[in-house]
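The chains carry the letters A, B, C and D, assigned in the order they are written, with residues numbered from 1 in each.
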Amino acid sequence: MRGMTTIVKTITRIVIGFIFVYGCYIVLFGHLSPGGGFAGGAIIATSFILSRLAFGTTEKQEKNTTVVSSIFESIGGIGFLSVALLGMLFGFYYFQNIISKGIPLRLASAGHILPANIAIGIKVGAALLSIFLGLASTKYIMRD
Amino acid sequence: MQAFYMLLVFMVAAGIVAVEIKDLLAAVISLGAVGFGVAIMFIMLQAPDLAFVQIVIEILAVVFFVAVILKTTHEDETLGRGYTKDDIIPILGFSLFALMFLYLGIKAMISLPSFGNPLMKVASYYIENGLKEVGAGNLVAAVILDYRGYDTLGEATVLFTSVIGVLAILRKEGRKK
Amino acid sequence: MKPLVPLFVVIPLGAAFLIPILSKVWRRFSEIIGGIASASILFLSGYFLFNLRSGIVYPVGGWLAPFGIVFVVDKLSVFFVFVIALIWFLSYLFAINYMDRYTGGWKFYTLFSLMHAGMMGVAITGDLFNLFVFLEIASVSSYALVGFSVEEEGLEAGFKYMVMGEIASLFILLGIAFVYASFSTLNMADISLSLASATKNAVYYFVFALFVFGFSLKSAAFPFHSWLPDAHPAAPAPVSAVLSGVFIKILGIYSLSRIVFNVFGLSRANAPGIFNILLLLGILSIIFAGLAALVQRDYKRILAYSSISQIGYIIAGFGIGNIWGIIGALLHVLSHAMGKGLLFLTSGSVVYRTEERDIEKMAGFGVRMPWTGYSYLFGMLSLSGIPPFIGFFSKLFLLIGAVKQSMYGVAVIFVIFSAVTFAYLLRIENKVFWEKTVKGFSDSPFLMVFSMVILVLLLLVSGLCFSHITKEFVKPAAEVLLRGVLYAKDILGGI
Amino acid sequence: MVVVLGSLLLVLVGIYAILTKKNVMKIVIGFALMEYAINLLFAMVGFKKGAVAPIITSIPPKHNFVDPLPQALVLTAIVIGLGTTAVMLAFALRIYDKTKTFDIDKLRRLKG
């Protein structure tokens, strides 16, 4: 992909950190306010996509990013699955919420919802970035 | 209530534009307009979670569409070349289907509980006990990650599947030479 | 036994998540992990099949029936789970050698495991929306697998399949929206109770029409079949075997029968019209696809049309609606899964050596592949209903069902189209395996031959002890369906 | 009631595109429209007049809440929709790559 003009690059430099932090906030406060792993993960993915679009990438970078994001995707998936299995190993049922509920309306509350949201956030962010790279990259990156 | 009607009219119009316009890029922009209409609708329906996800997903979908169109072609060369004999069957089929669908759908809608008065048989349990049992202030999060967390695992897996599917379809060579 | 239920979904999902990471360490890990997963699932499902006394209701997350999602493992689901696990395991073994010809190995194994997880999820769920989600997992991975060869044929067939499949999925989602709007619950048992007490208004018919349309599109019954003869041949052979063998049955037939019998609580006694429609769909599929298969020239296309025709037998068996018909239909699910799986694997074996699918051009190619040739012969005999293979007994039960319901015309059609099945399968046998013109091929690698031989043995063994299989596994499954709305009492009462 | 009818009309626009349009991208756009419309219809099912979003901000909660369950389901459906759209776009991209056209009349197998 080629990059864009200086105006776009400058604005992107200013905005991109905020978008990323905002995505993280949405993920972390998903159990208290609107949002959650999906919305937050998608926002994080947009920040990465914005940087790719504004600054452009080389073929090598695209390839490396795809490998890294597919690893993160699997990590997110395994993380979520292990949250689910935690209930099965230490409680009675698959997906049982066995982590302590904490004080309602605080950040550290609602048991496994927070770790599950983080895992989903990682997974969704990486997944959407991979789809974007697959569809928009200059060459077919997937040789194997 | 007026706002609902106006938005719906706008969305149906934008949808028709998206389907009928010749330039594919413009069609995608119209699709984006429908998507943002849906997002505003979600806000009016008191569903901020959905509005969040819809806006972000809408942006990403438009980015994906534009990425594909930039790599292929802008123009819908199939439009504007008149109708031939072969087109009659799909159009007739669609009209028949649309009539039946609308007839059954409207009859079904009339016998549903009226708009704005849901039954809430299961949901009232979530509203009463959600905070106590799960500890999450956001009841939607309580439903998607605890009461129905297994669905969310499935949903994350669909996204994972589609990523692997996209990467598999975009391979350069299918078979080894 | 109850704590083991989630493993049916967790093991293939975990394998699918692990393969992308570990395949970067060593390429062969992808095959090993998937193989371990498929073998353990086969073992687990066999354990359930032999030891399950009554149904199990497993509340996910500890939330009871109408509030959370429940897994329901009764005799019917365990039967389907075993069929999936069996065919999946054998086509997996086949794929290890076969996929050497393709690039992108780990993607294939990931998608294959995901498809399996989706089918398992559909088979054991007791919740309508959850069924939709897992149906989408299975469908999306199957679209990608059909296009896996990334050649023109695969891509176009995959796109067409995807258009049809997504229409079906979205209609099912619309149906779920209407169900939720009118009953405010998603648990299938709870819906069934609400439906039983509600009056049959327009919502009832609209939802029923949406579900029947969606699921018969997924199962490729007659008016909705047009995607299957393109999609199944375009896929790599092990995928075709799974798609034709179990995929259309679990997504189409299993879901449809669950919804018709257990959720809507219909039976031939209280809704003869609907059952006649099912019977008609089945008969039309048998006739149309059977005749279409006679004039095809492509090895895998003949088998694909044959799948539609055999799916017609299954739907007609449900349409007959008495216990014999349903036993015949379920037994035919088993026999067709093994038989058609076997035939698609033989096609893969021939294609692996010859890279050719037109039966006119590959005359005599199979003569040097004795294992493949004899496997094809036995698979053909079973599918066209020759004793002592299992295919004979499944068609026999269908016949008995039709005769007991005094539908003699239907019985005659069953018999005639058994002969037609034999005729079109014999064309392949004749052209590919009997004519001796070309020399110089050796048989396929060991694992491919091994999986085909195992399937032949299974066809024979299950045919020889059909009465035991029918009594122990199939009849209880048929009785689950015939219990109708009593299903709801079982689930909500926790069995 | 008329509101729900509007979203059914949007579903029909999507089906119209899928069944009668000859362009691969238009078919994909039709699917996206149909998904939006069904999601919207599903979200309307849970709306309650005079109620607020189901987010508890104070204990004990003061307000009357709308139904949270359809919102959770639609959240799932939206993400599934994006996934299927992405796979479809990948198919479209590769079909163009192989045949240099989006016209399904010119593609061999897509007829019927």
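Everything that follows uses one rule, which is that a contact is a pair of C-beta atoms (placed from the backbone, for glycine too) under 8 Å apart; a residue touches a chain by one contact, two chains touch by 3 or more.
None of these values were measured; they are calculated from a predicted model.
**Q** Measuring centre to centre with C-alpha atoms, which chain is farthest from subunit B?
**A** Farthest by centroid: C.
**Q** With contacts defined as at the top, give the pair, B-D or B-C, that has more of them.
**A** B-D is joined by more C-beta pairs in contact.
**Q** Would you kindly tell me how far, in whole Å, the mean C-alpha position of subunit D lies from that of subunit B?
**A** About 2 Å, centre to centre.
**Q** For subunit B and subunit C, let me know how many angstrom lie between their CA-based centres, rounded off.
**A** Comparing mean C-alpha positions, subunit C is 29 Å from subunit B.
**Q** Averaging over Cα atoms per chain, report the distance between subunit A and subunit D in Å.
**A** Their C-alpha centroids are separated by 23 Å.
**Q** Starting from the mean Cα coordinates of subunit A and subunit C, work out the distance between those two points in Å.
**A** The separation of the two C-alpha centroids amounts to 36 Å.
**Q** Where in subunit A do residues touch at least two different other chains?
**A** Residues 32-34, 38, 70, 73, 77, 81, 84, 94-95, 97, 104-105, 124, 131, 134-135, 142-144.
**Q** Hey, what residues on subunit C touch two or more of the other chains?
**A** 13, 16-17, 20, 60-61, 103-104, 129, 133, 136, 140, 143-144, 147, 150-151, 155, 158, 181, 186
**Q** Could you list the positions in subunit D whose residues touch two or more of the other chains?
**A** Residues 15, 45, 53, 55-57, 59, 69, 73, 75-76, 79-80, 83-84, 86-87, 89-94.
**Q** Taking touching chains as linked, do they make an open path (line), a single closed cycle (ring), a hub with spokes (star), an all-linked set (complete), or other?
**A** Contact map by chain: complete.
**Q** Provide the residue numbers of subunit C that touch subunit B in the complex, in ascending order.
**A** Checking each residue of subunit C against subunit B gives 13, 16-17, 20, 60-61, 63, 66-69, 100-104, 107-108, 110-111, 114, 117, 121, 129-130, 133-134, 136-137, 140-141, 143-145, 147-151, 154-155, 158, 178, 181-186, 201-203, 205-207, 209.
**Q** Quick one: in the complex, what on subunit D touches subunit A?
**A** Interface residues on subunit D, with respect to subunit A: 53, 55-57, 59, 75, 79, 86, 89-90, 93.
**Q** Please give the residue numbers of subunit A that touch subunit B in the complex, ascending.
**A** The touching residues are 26, 30-36, 38-39, 42-43, 45-46, 49, 66, 70, 73, 76-77, 80-81, 84, 94-95, 97, 101-102, 104-105, 109-113, 116-117, 120, 123-124, 127-128, 130-132, 134-136, 140-144.
**Q** Going by the contact rule set out above, which residues of subunit B touch subunit D in the complex?
**A** Residues 1, 4-5, 8-9, 11-12, 15-16, 18-19, 24, 27-28, 31, 34-35, 38, 41-42, 45-50, 53-54, 57, 60-61, 64-65, 68-69, 71-73, 76-79, 86-87, 90-91, 93-94, 97-98, 101-102, 105-106, 109-110, 112, 114-118, 120, 122-123, 126-127, 130-131, 137-140, 142-144, 148, 151-152, 154-155, 158-159, 161-163, 165-166, 169-170 of subunit B touch subunit D in their complex.
**Q** Where on subunit C is subunit A touching in the complex?
**A** Of all residues in subunit C, those touching subunit A are 3, 5-6, 10, 13-14, 16-18, 20-21, 24, 58-62, 103-105.
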